[in-house]
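Report on the structure given below.
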Amino acid sequence: MLKIGIIGAGRIGRVHAESLTKYVKGAEIKAISDVNVTDELTTWAASKGIAQVYADYRQILQDPEIDAVLVCSSTHTHAPISIEAARAGKHIFCEKPIDSDIGRIKEVLAEVEKAGVKFQVGFNRRFDHNFKAIKARVLAGDIGEPHIIRVTSRDPDAPPIEYVKVSGGMFFDMTIHDFDMIRYLSGSEVTEVYACGGVLVNPEIGQAGDIDTAVITLKLANGALGVIDNSRKAVYGYDQRAEVFGSKGAVQTRNDTDSTAIYSCEGGVIAEKPKYFFLERYMQSFADEMQCFIDAIVNDTPTLVNGNDGLQPVLIAIAAKRSLEEGRAVKLSEIGSLSI
Amino acid sequence: MLKIGIIGAGRIGRVHAESLTKYVKGAEIKAISDVNVTDELTTWAASKGIAQVYADYRQILQDPEIDAVLVCSSTHTHAPISIEAARAGKHIFCEKPIDSDIGRIKEVLAEVEKAGVKFQVGFNRRFDHNFKAIKARVLAGDIGEPHIIRVTSRDPDAPPIEYVKVSGGMFFDMTIHDFDMIRYLSGSEVTEVYACGGVLVNPEIGQAGDIDTAVITLKLANGALGVIDNSRKAVYGYDQRAEVFGSKGAVQTRNDTDSTAIYSCEGGVIAEKPKYFFLERYMQSFADEMQCFIDAIVNDTPTLVNGNDGLQPVLIAIAAKRSLEEGRAVKLSEIGSLSI
Amino acid sequence: MLKIGIIGAGRIGRVHAESLTKYVKGAEIKAISDVNVTDELTTWAASKGIAQVYADYRQILQDPEIDAVLVCSSTHTHAPISIEAARAGKHIFCEKPIDSDIGRIKEVLAEVEKAGVKFQVGFNRRFDHNFKAIKARVLAGDIGEPHIIRVTSRDPDAPPIEYVKVSGGMFFDMTIHDFDMIRYLSGSEVTEVYACGGVLVNPEIGQAGDIDTAVITLKLANGALGVIDNSRKAVYGYDQRAEVFGSKGAVQTRNDTDSTAIYSCEGGVIAEKPKYFFLERYMQSFADEMQCFIDAIVNDTPTLVNGNDGLQPVLIAIAAKRSLEEGRAVKLSEIGSLSI
Amino acid sequence: MLKIGIIGAGRIGRVHAESLTKYVKGAEIKAISDVNVTDELTTWAASKGIAQVYADYRQILQDPEIDAVLVCSSTHTHAPISIEAARAGKHIFCEKPIDSDIGRIKEVLAEVEKAGVKFQVGFNRRFDHNFKAIKARVLAGDIGEPHIIRVTSRDPDAPPIEYVKVSGGMFFDMTIHDFDMIRYLSGSEVTEVYACGGVLVNPEIGQAGDIDTAVITLKLANGALGVIDNSRKAVYGYDQRAEVFGSKGAVQTRNDTDSTAIYSCEGGVIAEKPKYFFLERYMQSFADEMQCFIDAIVNDTPTLVNGNDGLQPVLIAIAAKRSLEEGRAVKLSEIGSLSI
């Protein structure tokens, strides 16, 4: 049994704790740390059978029994904690994004390389049953050469304005998953981005310097075109669809629902709305990404979401932001090691 | 924490053990018994954290710490063990069918009544997300008065001939779930049955005295009509659909699939086949029926599948068998306390 | 160009006139007759380019230029007029049912045989694109041996009570199409019928001696089972679905809608209701049955809905009525040449 | 009855002739002209009841009995013939595009204005039942404010290279319909375009100076974003879908199929491919646009696709072409009266 330490006991840290406790084989949680150790946290940790609760994540890094850490703390601490963890010889699961600064991401990746530890980034949607089904068709050659990759990604509601102000913008907190999905489904790197956006959901978002609606076009190294459409607010729920179209066919996915029930009445023929939000839609994928991480350590195999997979979406997001500002397509080669 | 003893460590006993360990809150398994205690069983029990493994279920019944038992042994032992368990003051979850003899079922129910213990029968499909969605529409009044209840229930493949010879026949081992579903969805009792069947899948099933394909029509006390179609073998997988049609509308469910992916190619537009069989389709419902049972004990509320819910489908199955033999509709009032 | 005479200028007569005028190649309408020749009819006929309007259908039968007649008059006149038409050497398209008396139907078929004219019965649903798609799969062997044939047939609203009183009952005015569909899709003859019905839509229908809701089970000569469910009133519209299930797979059809639009909103994900009723759903099939009839004459090939196809559904309807009265399965061999 | 003259007896001219003959009320075709009057054309015209066949379209324009003309000749003749027709006082249905030169289009519109004749452009897809269903939801306010309008438009196969060389490019011969659809569905004008494209289907198309795959993003005056994805070749058939997403919900359409049949077998659950190409998918819309044109004349109401609706998509196509060349978003205000 691998011993795991979780750094950061917020929502996503607890989601991973739940997965490790209930679904994942071959690992157990030994300790969790959070800058705020409350009674609630202590009680919760006990109920999950987690032996130790620390205020300082360094106690986790110093525990020689702990094999791997999950970096689930605030975004700006992902990079420095990952670097420390690598130096401490811990395998690392790092929540996305690694950082918003390309230089710092490269530093992290260099330390990981040097330490020879496993490193996986939290792009959980790669483990979703629907997107995996698309990927399987692509890998099987059923699509032929990919020509167009489409991702529709719309949240059921906008986050609080306070969050919008500090998140780095929609491309960094939301679209970054879609940038990863385009890379994952196409099996190719993005070379150029054009982003078009607007403030249509809530003018406060605009006042905070962000957008809430966007269409982003991407050119890929293999010649294919990617296109993403985003909205902060779809009143009917979390809209998460994708399509890969190619020389031999196309594969697309619809949303998941709580049941397949169809109600026919005078008003129409009514199916259920999509599952409400990411916890409902992606819960199984969170468990599966954990299992994947544990298996990579146990079997000494590569993780399925590696350091470059953490780097590229940040590069794309930076390019998208610049494209939006300048009204032109931006090549990733223009970005270099710049931060946002 | 309630303490549970599982009697019978076959497939369904282990399914429930898995659910209790992983998903169910408020209970833990203390002991399991099986007539064959093998090394494999001992190892498996240990891996699930089950402290005791017995060859004799009476050791479970005699353990004063054990609050409730799951009767997962061979069908012909369901009734006698349930009676003993009731007398020992244990709450009882009994796999379906309770028995094939109406008299013995009534004996069980009388002992349960006398002992004042909880009693739940293993009609897990009532806990399936799709059928629950139909039931919710019915209860909400969205269907109005139910007029027609349809159940399609087809297995992906016929069971081994050795099983067919001892199962009591298709109506008892397979359709019994559908009889329960008709009662559950309609909220009404079956009063009359007409069954029509044939041997179309495998002639050996006919030689064993059974059928493999059937259409059964049911009259309900509230005037509605029920209709079930069954096959032992649907080459495309486990086909489990239902529809309730009434004065204000209809609600129907489709099959579950592993993903929503749709592949469009020169050969057509291809969706996934239904989930393969009951373990794939109904796993969550097994967990949910366990939770329901535990909650009924903890909160001292009625179970959602009670003794009468165990009795009625057996009555219907007996009537269906007679109808098939005599080519006429058979009233349940004709059956009385007879066995098959 | 074949010259056609239409006998009976009611709704269905005009539907056929419309088809012949607009869609059908190789024929033109020379005359139409109706017991009530009104100004409206005369004007309508002129607008369709129909040269002659008669009160007496015999004028059509006596016109040597007229090659074929459509018998669209009242049901009780179908048989005598068809006999006269056959004797006059006219090819005959006869609306369903030919008659409710088996003896009279056999008389018609004998006269048709003797005269050597073409005879087609108006089971238009065989020409519907959806049911044809099922039939094509069956004929291609994609289903293997058929095991279960299901037809759901529900009207959007009950007919006027005055019609119910004279129609001969639901099995004759409504289910008769479904009886034909079971024969068509299975490619086999019905040998036994069990019918179960009730009055759930409107008690006046019961007072008129009829039922409004039914489930009918049929045994077929090839061993397959058929099942039909009927309602006089589906509030969401005309529900016309079918499924053939067999050893190699199943094929099913859904309802047609005016568009494929899906509206997602807070209330759900809403598709369109089925097309309202038979004129909306089956208009193209009416045109195609006409073309089929014309082509059979021009090419001297068999019609696709022949005399026996007109006879069998009436036999089944008589058996179904008796089954409903006697609560038992009724063999078609019991019916002989009896009328209802 | 209005009298119609058709100028140009190619494929689309004959499609309109078919519609006028079979489906459209209130009009009849008096004459047709084509630069090549062959025996085949004469025979075909006779079979449709068209009295006159001319080599010179001017004979149609000079016929005082003719009320309206359909301009179905080669694209480069649309503008001059429309101008002559307007001067001759004929109402004009003009196939798209009016011209590829903005100046010439404006000349046509000025002449039409001066003559006071009706003018309708052949954007038939506005009359398609699916797109009309989207538009109805938008007009009813069910979508709220439109935020994102998506059009997927993929042909089943690329046109011959000879056609590609003279068509003016994909944006002019194919995407122009989608530009119109974005305007139609959004109810707003396009202000800016970004186009991204590639040669992925056939390198010969690239050698001919065109592209075969594209994603185009559009900004609209009302703030909404439009996005179109195009391919010259979808192996599964004609893929024609759209979605409007807004503040109150979304509405999307799927493709039409020949039947609703679903075949379930060991290989999967298989639905039909989309209708093959535009003649199969859009036949009814061709008839409906004709009826709309005739009704506008008869009732002296505006046509539903007016001169500006003919002009704007050409402007957008010119902007898209420039965007593709320059790798930047192009404002329509930059285009002015320039030709491509």
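Observations
Order of writing sets the labels: A, B, C and D. Residues in every chain begin at 1.
Quick note on the criterion: a residue touches a chain if its C-beta (ideal position, glycine included) is under 8 Å from a C-beta of that chain, and two chains touch if they have at least 3 such contacts.
Computed from a predicted model, the values in this text were never measured in an experiment.
Greatest Cα centroid separation from chain C: this falls to A.
Chain geometry summary: the mean Cα position of chain B and that of chain C are 42 Å apart. Averaging C-alpha coordinates per chain places the centre of chain A 40 Å away from that of chain B.
Counting partner chains per residue, chain D shows two or more touched chains at residues 234-236, 239, 248-250, 263-266, 272. Chain contacts in this assembly form a complete graph, since each chain touches every other chain.
Across the complex, chain C meets chain B through its residues 145, 147-148, 150, 154, 194, 196-198, 200-201, 213-215, 217, 219, 223-225, 227, 229, 231, 233-236, 239, 245, 247-250, 327-329. Chain contact summary for the complex, chain C toward chain D: residues 22-23, 129-130, 132-134, 137, 142, 248-256, 258-266, 272.
Only residues 234-237, 239, 263-274 of chain C touch chain A when the two sit together in their complex.
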